[in-house]
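After this come two complexes, each holding chain A, first together with chain B and then together with chain C.
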Partner chain A sequence: MALTASPPAEPAEAAGVTKSPAPQAATDAAGLGRARASVFVAPALALIAAFLVFPALWTLYLGITNYRLTGVAALRPRVVGLDNYARALGDPEFLNSLWLTLLFVIGSAVIGQCVLGFVLAWTLRAVPRTVRTVVELLVMLAWILPSSVVAFLWIALLDRDGGTLNVLLNTPGMAWLIEYPMLSVIIFNAWRGTAFSMLLFSAALNGIPPSQLETARMVGASGWQQLRDVVLPHVRGHILTNLLLISLWTFNDFSPFLITAGGPNGRSETLPVFVYNTAIPGGQLGFGSAVSLLMLLINLVLAVVYLRLLKQRRA
Partner chain B sequence: MADIVLEQLVKEYPGGVRAVDGLDVTIEDGEFFALLGPSGCGKTTLLRSIAGLETVSGGSIRIGGRDVTRLAPGARDIAMVFQDYALFPHMTVRDNIAYPLKIKKVGKQERAEKAEETAEGLSLGGLLERRPGQLSGGQQQRAALARAVACHPQVFLFDEPLSNLDARLRLEARTFLKRLQRDLGVTTVFVTHDQAEALAMSDRMAVMEAGRIRQIGTPREVFQRPASTFVAGFIGSTPMNLLDATIDRDTVRVAGTSVPLPESARAHVRDGEEVVYAARPEYMTFSTEAADAGIEGTVAIIENMGVGSLVSLEVGATIVQVTVPEGQEPPIGSRGWAVAAPQRVLVYRRDDGELVGSERAPALAEA
Partner chain C sequence: MAFSRTARVALAVTSVGALALAGCGGGGDGGTAAGDPQRGADAKTITLTIAGNAAQGGKNTRDADWLVNYVIPEFTKQMAAEGVTATVTFQPSGVDDEQYKTQQSLDMRSGGGADIVALDGIWVGEFAQAGYIKPLDEVVGAAAGEWDGWAQIPDSVEQLGSFEGKRYGVPTGTDGRVLFYNKDLFAKAGLPAQWQPASWQEVLDAGAKLKALPGVDPIQINAGTAMGEATTMQGVLPLLAGTATPLNTDGKWLGDTQAVRDVLGFYQSVYGGGLGDPLLQQEAKGRDKSFQEFAAGQIGILLESDYFWRSVIEPTKGIAPMADRDSVVGYAKIPAQQPGKGPNGQNFVSMSGGGMNAINPGTDFPQQAWKLLQFIMSADAQKARLGGSAQITARDDVNAEVLAADPMLSFVSKEVLPITAYRPGLGEYPEVSKALQEATAAVVTGAAPADAAKKYQSALEGVLGGADGITTG
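Coming up: the complex of A and B.
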């Protein structure tokens, strides 16, 4: 600790041996001292406060008012307490959205991205290098393209008239986005986000000592037994971390809106889409804010559950 | 019972590299067999081929008369201990040891008993509930051994079993491994790059270079009569003196000195042939006075080896090394003569490095 001291800003101290060194100057590695360090951090803090903390608090406030985009309540919002929350919990549309979001997370994140990502990472270990590179490139492509672009691609793929899928399957006039809106966005999101899980699991699988897999092979363990006894215990932590990240991302994902806009008739209206539809086109900013806060709470619960699981393993 | 017979074994990697190049080896039942060689010589590939972890490109492997060349590793009845021990970190020592039995569908009760019994035999008794991470290096090694022993295989394979231990523990583990192998009487093949380890532990050893076996024999045979200059240079804790020399009738001209031509080589060389004169430093004596058939030089370097020292004599541009007993080290820069024990001198051909007069001399065979 003492070695990190001798701040350049205090030349007097170097000469004056009798003066005891300033105690707070020695506490940080860069030797800046608290005051100057604060100055450096201040712009970032200000930006965070203006664009993150304030809107969040503002949303909190809006959530207990009847604020609307138009009309009397827009001019003079009235504090209604927890009415918005009570209304949300009794609102069949909200509950429907909650249910659809759950389907979306389980279908596209847990089963789609996580399982598919693991399967891809696992099978790609054994294939020739060139095949692996091509598959990885394709999967990555889906991940790095902007949402608006991939959304357009999927609309083109699933379009009723002249959509690519209808041509391929020879089912002219099939309206996939109307017949199976939820399934469509689930598959879309699985396709879009698998790259992350695949990359994460590839790295995790590379970390397994080959000798452990070979030991299992030597005693005659089948592929499934090797997976259960060697591979999964090794990558358990990675699976949980991955699940935490992708469930939160998927839960808050807004790109389904770009494909179905929540329709038809709310059948693919996940919570972020519901909030948007309620607050902006619907104009009920107060109610939308309350639902946003509920989403935040659900996110927190998810995070806590996963972190608990992770901790359990380490103990 | 369970001998291992390798016939014309070839392992060729894509790109044409032959890691194992047409080997014929028979490892007897119950033998402790060492595969020794520098890194990249194919010894580990050979071991992994026997294990079934590598698919061989040609030839056959038979274990106890059964052709296992195309069998999966798990069907060969072999246990392998890896260099890093490969204990499963998430299982207790007990579960690790019992793991092969679990895969073989042995009942839970029997499995636990078996694991306990094996662990007891390897003095792991009190450690059964621990995780591998909580064991010392030596304990981890014994746990890995216990896992191999518990399933009663026909053959053990050890890949560099001692290289992850510190120097002191390594010597203990050497003795321990040798006793364990003798008690169990299971045919064992182990890979090492440490010639001292191979000499100390094995019943017989094979010295490998570039995918081929350069010599097979007991440690004594390999130490006393290396079959080629490669083996001669590889075996022994002090490097063997390999000096360019020329045959001159019944003598060898080496470093400006005429020394007697060894009996065993006499019938196999021509006058004037270029050869390599080889003598171990331990088989040479140092003298401060002119000695008959002694190679004269200047004392350049003295290396202390504990009991005795290794003296390097500069003879023109070549170096001759000779060991001297404790307390008899000559001063640096003094003149000295190195005399080889005639029985221990070997002569190699200069062109291919093969031993001249390869049949074993009777005097040495019984030594």
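Coming up: the complex of A and C.
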């Protein structure tokens, strides 16, 4: 919007100098003035308000009611104050979900995607071009395929009867998704999302001045020493930004539901799945809203921590 | 200059918020207000939609085919004869019942949804309390009572479409639950081809013999939360009936009692004793898999509704067809815990449910929707639906003609329906049912029945907000 608005604005400003001055001189660079600028911003603000601010406020309201999808409370919800929050914080299922979400973020985002992405980006610099293209293509493919397709492929891979993995390992009847539900979805998500970290780190590594690495090699630094003393200080900001983004995405990721539906018995029920299962099939919209808000708060805390770390580095 | 930037933003946010709020309120009202039953009655061009959990080539394909190929064209013709141009469409789904229920309640909550909605009889209470459906008398007026079809529907079946003494729609039929068994496996295990266990122990004994066969899970009694209501209906409730203890008496729900511990004890004997596959109960698609395994001869005994016989293992149109169904699959009544221990001293027990069609109170054409519903439930249409196959419909006149054609359905109608029971049609039922499913899930994963019963009790107290409405002991 700003791009399309600025070209005509410049001649207008130039015209303002030669001709008579406008009643309200524009003080901004584009020369729009507050009134016209507001008109330009209004549609965007309206959209944000309608689809972001209003639902958030609505969730806040629903969270203090006993609103349900069906039954009496669907017709006449009652305000129950902070009961939903108190209940959530004392609910073993919620705490279990919180713990599983933490495992999911640390396992699949921090260790899986970030470390694996960095290792891939680092090692691919030194391999022949064709190998690099093929590996990058495969990693990218895992990232760009639609979730539903990928979920189906993973179910086929891990299925108990005739799953590909059981055929490969010769372990007939091994129910991976029931014996190791959390590990399965962690590995799935690491596989799925590594491409983003890999791309980001590839770009970051390209930005390191070759002369510095050259110098390090000249003075006899080992591969590890080059990595620690030359590369990491350069890409630290990228690592933090990457961690911030993928932690938040993973925290809110719903695709494990497509594979395990939160089961068996809630053993892979991360928070987004927990909210869905309680609010929609379980019908407890009020309680579900309260948990959603708790999730939002946790997201904010995560974001603030990362942003502070990023600031410290720059300061 | 008068407003600061913050104030301007706040103003924009508030006004848009208010608009959105007004929009939501309007939508909600549209969905719940019954309005004038005569609205749109004289319209010359009408559109009606039918929603059901059936899809051509998928789940309940026969019903979907019938709606699309018979009901819609015939009804359109009938309306055309009256000078009305009717456009009727069918909104198919082919998903788990819980998902279908969620979808319908969300549709109706937002003021939308089809004009005629197929619902499970057990959801009527919740939907009525939420105002998503209204008594037929309110939706279509006096015409609701004048239909001649009511005389053909037995009272017990009519309950499936009623709540608190009022008709909310027309029931479509009922069913009965039995033990299905594989005669081939029974022969290999040295069990009789005509089998009728007299107690729970005899079921377990047969399971113990089947256990000797390689690659066979002797008994499949649905358990766990992944199977949803199928666990309660095809597991807990028929067993509970066998202890002569109703789930709800005089408004009080059954808590941690001997009967519940016995039922969970039976689950432990099956899944803790190697007589059933505990992992299958936890799989996301476990019930569908149990169907396939039974059809492939990998399950000995399976507790299911006659739906299993006519829609799952049906030789041509079933979702897990068995070409040799008629010769291989046997069926027996579900025994009480001990002979004579069932309700009223019965030796055998069962549970029944069934579906109903409701008219969406938000429809633009209540009179025409009621006409369509009457047409759907007419004797001719019901016979066309069955097309030579058998099913227990809501209508006595149709049943008298069609059931004789199928020995299994006649068995259910003659032997099972007289001893069956229905679920308590109360608003809390779905949550009590969920607590029971969780209790079986605990036992399947190794918890002791007594501990699972204790957890069930506390889950129940959470649902009902206290221990007042619960019997214990």
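One rule holds in what follows: the second predicted complex is superposed on the first by the 290 of 315 C-alpha atoms of A that agree within 3 Å, B and C clash if a C-alpha of one lies under 4 Å from a C-alpha of the other, contacts with A are read in each partner's own complex, and residues count from 1 in each chain.
By our rule, contacts are C-beta pairs under 8 Å (C-beta built on N, C-alpha and C of every residue); 3 or more make two chains touch, one makes a residue touch a chain.
These numbers were taken from a predicted model, which means no experiment stands behind them.
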Clash-or-fit label for the pair chain B, chain C on chain A: fit
Which of chain B and chain C A:D229 touches, first, second, both or neither: first
Contacts of A:G71 with chain B and chain C, given as first, second, both or neither: second
Comparing the two partners chain B and chain C, which touches a greater set of residues in chain A: C
Chain B versus chain C as contact partner of A:M218, first or second or both or neither: first
Degrees between the directions from chain A toward chain B and toward chain C, using C-alpha centres, nearest 10: 150
Which superposed partner A:G162 touches (first chain B, second chain C, both, neither): neither
Contacts of A:P43 with chain B and chain C, given as first, second, both or neither: neither
Partner chain(s) touched by A:P281 [first = chain B, second = chain C, both, neither]: second
Partner chain(s) touched by A:G81 [first = chain B, second = chain C, both, neither]: neither
Touching partner for A:P264 - first (chain B), second (chain C), both, neither: second
Which superposed partner A:R34 touches (first chain B, second chain C, both, neither): second
Smallest separation of CA atoms, chain C relative to chain B, angstrom: 39
Residues of chain A contacting chain B in one complex and chain C in the other: none
Contact footprint of chain A on chain C as seen in their complex: 1, 8-9, 12-13, 16-17, 19-21, 32, 98-99, 102, 105-106, 109, 123, 125-127, 129-132, 224-226, 279, 282-284, 289, 427, 430, 434, 441, 445
Residue numbers on chain A that touch chain C, as the complex places them: 34, 38, 42, 45-46, 49-50, 53-54, 57, 68-72, 74-75, 160-161, 175, 177-178, 260-261, 263-265, 280-283
Chain B to chain A touching residues, read off their complex: 51-53, 72-75, 78-80, 82-86, 88-90, 99-100, 103-104, 147, 151
Touching residues on chain A, where the partner in the complex is chain B: 209, 211-212, 214-221, 225, 229-230, 233-234
